[in-house]
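Read through the structures below before going on.
Look for subunit A in each of the two complexes below; its partner is subunit B in the first and subunit C in the second.
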Partner chain A sequence: MAIRGPRRVREALLALLFLGPSAVVLGLFVIYPLGRTVLLGAKRCNAQGENCRTNGLRQYTDVAQSREFRHALWVTIKFALLTVPAGIALGLGLAVLADRHLRGIGFFRAVFSSTVATSVAVASLMWLFLLQPARGILANTGWIQDLMPVVKNPGLLNDSGTALLSVALSSVWANLGFTFIVVTAGLQSIPRELHESAYVDGASPWRRFTNVTVPMLSPTLLFVGIVLTSRAFQAYGEIDLLTEGGPVPQDSTTTLTYLIYGETSIVRNDAGLQSSVAVLLFFVMLVLAAVQLRGLKSRIHYGQ
Partner chain B sequence: MASDAAALPVIGGGPAMRSGAVGIDSVRPGWRKVGRYVVLAFVAFLVLFPIYTTLLASLKPGGKVIDRPLVPTDLTLQVFKDAWTEGRLGRYLLNSTVVAVVVTAAQLTTSVLSAYAFALLRFPLKGFFFVLFLATLLVPLEATLVVNRRTIDTWGWLNSYQGLALPFLATAFGTFLLRQVFLQIPKELREAAQMDGLGHLGFLREVALPLVRPTLGALALFSFLSAWNQYLWPNLITTDEDMHTVQTGLRLLNSNVPDIERYNVPIAGTVIAALPIALVLIIFQRQLVRGLTAGAVKG
Partner chain C sequence: MATVRLDAVTKVFDGVTAVEDVSLDIADHDFMILLGPSGCGKSTLLRMIAGLEQATSGDIYIGGSHVNDVEPKQRDVAMVFQSYALYPHKTVQANIEFPLKVRKIPKAQRAVEARAVAEALDLTEYLQRKPGQLSGGQRQRVALARAIVRQPAVFCMDEPLSNLDAKLRTETRAELVALHQRLASTFIYVTHDQVEAMTMGVHVAVMSRGHLEQVGTPQEVYARPATVFVAQFIGTPPMNIFPPGMVEPGDTRIGVRPEHITFDDTSTLRAQIGLVEQLGHEALVNCHIGDTRVIVRIPAAGVVHIAGTEVGLRVPEEHRHRFDATTGQRID
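Presenting the complex of A and B:
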């Protein structure tokens, strides 16, 4: 019993040593800035950044009710609705398509995974070169131009009706590799016997898909959905490179993240307003996470 | 452990992917097989289309790109050379590599240590710290960068490797991933080691680290990719032309398009920037699948 005391102390000191580096970094660059941002966001300054006074919660409700914030929130929601369901459906479709015992299937798997190697900058610039009206590939392909004059004039990224859709297209494409890889791994973990017994019972391929594949995949699909949703709410690079939040004056692609950091954003030089929007973004994402976790608890079928 | 299926290679497939496959697939008549290849080829064409046009556009002189955009004619490597020099891509690839390697090495170290503490050490307020670590996972990067930029500015580290890397030297994600594995070490094993006089440092080196090695590989690739692909943060703290990463360097190259005849120089830059990561992923495909699915697997 005599060594018990000192050993406890030694162990606690060791824990301090082990936890220290992580705790310092996370404390300085996640926890401290979060708290500081909440305080900054409660302040209201004049255009020169002087005469600040603390407005408290009212500053947040003011920002939340502002036209700019509500617009950016709506754009963000639309962007998520355009990218998340399509991303899940395409990833699932590709994964099911490639989940066969065929000669050369490895090649197709490699192709479907390939976009995972593109960063947001690389993917966005690729799509910029495809979509730009003057020298873009699509705008200068005759039959596309005839079918859809908007690709040339004013260009898909410059028309307020198609800009967000075009950014979403590039984003879905860029995320395809990730979704495909994760769903494929999920498909391969479904016990073969389940498919075989459904087959023996005479279930059609469609019924095997809806009654075996989809329920067994539901944890995977939920995971993909959560990741894609958070990526949609944090989208910045594709908007910065493709549209800069425009086309103006509608600001059709100004999402919440772009509203905070965008070079052409109205709050760009006001740390207080930037912080208010950042805190509200955090809040919105927390609510979303809570909703998604409820979905996890109530509707998900876990195998085994 | 993470499910074994998650460790199967996806890119390039595996020869023995479904070794016991009889029944469902094998009775498929020949024409249905052909139909499936047609669908696969069509979808592959759609997925590859942006990559194909990008490659082609960077292999032609600027004036020729849109003449026949889908046909390889007038091929040249000159545009790549221009992109390499004008885009200063050598320098930016170096910057990205330095930052990504430092971040990866640091994240592995800090995660192993903190995961070990949470899994195997007893200390006061453990539950509190654990919840605090957990909570940092909920905070989106975008909610912290305004203040982080000020911090880095105050320390005079704008336009520096320290500034680029420092906020990302630890990760709660890595801590939890490794903690899950450490928790599977049987108590008896630790007790027996203790009887033999093996301290925690020795136990970490001899028992815990070897056990966690596959997960460490996946985490390493995940950390490296995340650090390499950073866009917003380097944009916020970089103004010096020497200190861009590949990602913000591409942005710069694209905004300084020279003349209309050479507008495809940034296109070639994009290809150059994508190549190293494509190579890394081909080499480490096994780790990639594990890394990407890590969050989806029950611990």
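Presenting the complex of A and C:
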């Protein structure tokens, strides 16, 4: 007992020493700015950030009820619904296709994962050219035009009916490499005997996919789903580069993040309102992650 | 009818020959053990029978029909894996029912059959659990149940007991023999454990480096090993092999089991006593004749042997096995 007191103190000090560096970094760059944003979100200031007036919680409820916020939230949700399921399905499909021992499969794996190394700016510019009405290959392909609703304005990106879908297309493409790599890693961790056992038992490839591959991949797919959803809710670069939140006046691609930062956003010069939207987005994503984790928990299998 | 016949089967993986020219007849209702050290090709052979690997050349027949190009589904073969390969996300019942579900058997009937098999293997109370909640022995029985429920013509088992502890392994050996008698189907069982081979097998096929060394009953393989490899692989401790000229004149190697050598001071075959291993009911006396190590098995109550002393060894004529000095083949 004589040793225990001082020793506990020593250990506590040592623990603080180890925690210190990351606590400082986290506090300085995450927690402090978050706190300031929450405070700023309750204020209205002029364009120079002066003459601030604190409105308290009411500012948040006002923003949440505004037509602009609700429109942007709905656009964001549509964007996530367009990109996340399609991204998972395509990534899973490609990973399963490439998960076999064939000569030259390494080439396809490299191609399928290559978009990881492509920045949003490069990817968006590439899609801008592809979708550009005068020369873009995709813009002038018949079946793609048939696939999209009637284009009223020239160019898929300039039509309020197709703009969001076109941005989603580029986003799905850009995220495909990430999904492919993570799912490929997940596939390789499935014990080979499980597939072999099902094969000897007479299971068809489709049944092996639904009864072995998908359930064994469920933790991986949950992870990919959460990351892709969070990326969809935070997508900015492709929207800014492809549509700038437009076309106006419908603001068809003004998502919550574009509402916060965007060049043409209605709250462009109001730091208080921008902060309000940012904090609200933070809570939307918090709720979303909690729902995803909790709702899927019972159906996810994490191995023995 | 579920005979299995292998005719000159060879399997080459990327230039490496895993199985070479193996011909083997497995009778209906046989319990055939494929025995050999790791890397000898026994698992590859089993996987070719189950349809998980394609033979590079040679023919495989199950129940008289040529199955080289037949999918596992049509071969009527069940396989039990060393890792059990249970579906961790399915309950025990769903695991057992899976082969029936694949065969589109109605749900009610599936449940009845799964319950019957579970009862026979003492798994009834675990039907709603997931494999992760079971012990190793229980998982192993679930794997067996999943194989049995289909009532296949041939059971392929790849070292199914090697993940169990020693006591459970001994118990399960007896259960598998009883199961074989009850099911009256053909069992093909891969192991590197000669005790499993000797205690369970109706026939044993000993393999080494992709070749079949000998096929016979466990007694035949023990009493008349066809090669030096079989002589030294089967039996604990292994058969002693004397170089040519040491025991008798001539150019053959002489093999003698440790229990057949006796100490006799009048013998001209002199040896130095080394380590003596006391096993309780018996003792193993390690002796050296030059570089040749000889193990003699004696009752524990015998004379106390002291390391370093010189003794004479008697090798009875009727217990000598003669092997060709170069090929290692038995000479009769």
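Just so it is clear, the second predicted complex is superposed on the first by the 255 of 304 C-alpha atoms of A that agree within 3 Å, B and C clash if a C-alpha of one lies under 4 Å from a C-alpha of the other, contacts with A are read in each partner's own complex, and residues count from 1 in each chain.
By definition in this document, contacts are C-beta pairs under 8 Å (C-beta built on N, C-alpha and C of every residue); 3 or more make two chains touch, one makes a residue touch a chain.
Keep in mind the model is a prediction, meaning the values are calculated, not measured.
Student: Contact-wise, after the overlay, does A:R294 reach subunit B, subunit C, both or neither (first, second, both, neither)?
Tutor: neither
Student: Now for A:P191: first (subunit B), second (subunit C), both, or neither, which partner does it touch?
Tutor: In the superposition, A:P191 contacts subunit C only.
Student: So, does A:Y199 touch the first partner subunit B, the second partner subunit C, both, or neither?
Tutor: Touch partners of A:Y199: subunit B and subunit C.
Student: Contacts for A:R58 in the overlay, against subunit B (first) and subunit C (second): which applies, first, second, both or neither?
Tutor: A:R58 sits against neither subunit B nor subunit C.
Student: More residues of subunit A are touched by which chain, subunit B or subunit C?
Tutor: Greater contact footprint in residues on subunit A: B.
Student: In the superposed arrangement, does A:R70 touch subunit B (first), subunit C (second), both or neither?
Tutor: Touch partners of A:R70: none, neither subunit B nor subunit C.
Student: If you stack the two complexes on chain A, which partner ends up touching A:V212: first (subunit B), second (subunit C), both, or neither?
Tutor: second
Student: Please report the subunit A residues shared by its interface with subunit B and its interface with subunit C.
Tutor: 196, 199
Student: Taking the complex as given, what residues does subunit A use to touch subunit C?
Tutor: 191, 193-194, 196-204, 207, 211-212, 215-216, 218, 301, 303-304
Student: Given the complex with subunit A, which residues does subunit C contribute to the contact?
Tutor: Contact set of subunit C toward subunit A: 50-52, 71-73, 77-79, 81-83, 85, 87-90, 98-99, 102-103, 131-132, 146, 150, 156.
Student: Quick check on the complex: what are the subunit A residues that touch subunit B?
Tutor: 8, 11-12, 14-19, 21-26, 28-34, 36-37, 40, 94, 97-98, 100-102, 105-123, 125-130, 135, 137, 140-141, 173, 176, 178, 180-182, 184-186, 188-189, 192, 195-196, 199, 219-220, 223-224, 227, 230, 233-234, 236-237, 240-241, 257, 260-261, 271, 274-275, 278-279, 281-282, 285-286, 289, 302
Student: Help me check something: in the complex, which residues belonging to subunit B touch subunit A?
Tutor: Residues 3-6, 8, 10-14, 17-18, 20-21, 23-26, 33, 36-37, 39-40, 43-44, 47-48, 50-51, 53-54, 57, 65-66, 69-70, 109-111, 113-114, 116-118, 121-124, 126, 129, 132-133, 136, 138-148, 150-151, 166-170, 172, 175, 200, 228-229, 231-232, 235-236, 246-248, 250-251, 254, 260, 263-264, 266-267, 270, 273-274, 277-278, 281, 288-289, 292-293, 295-296, 298.
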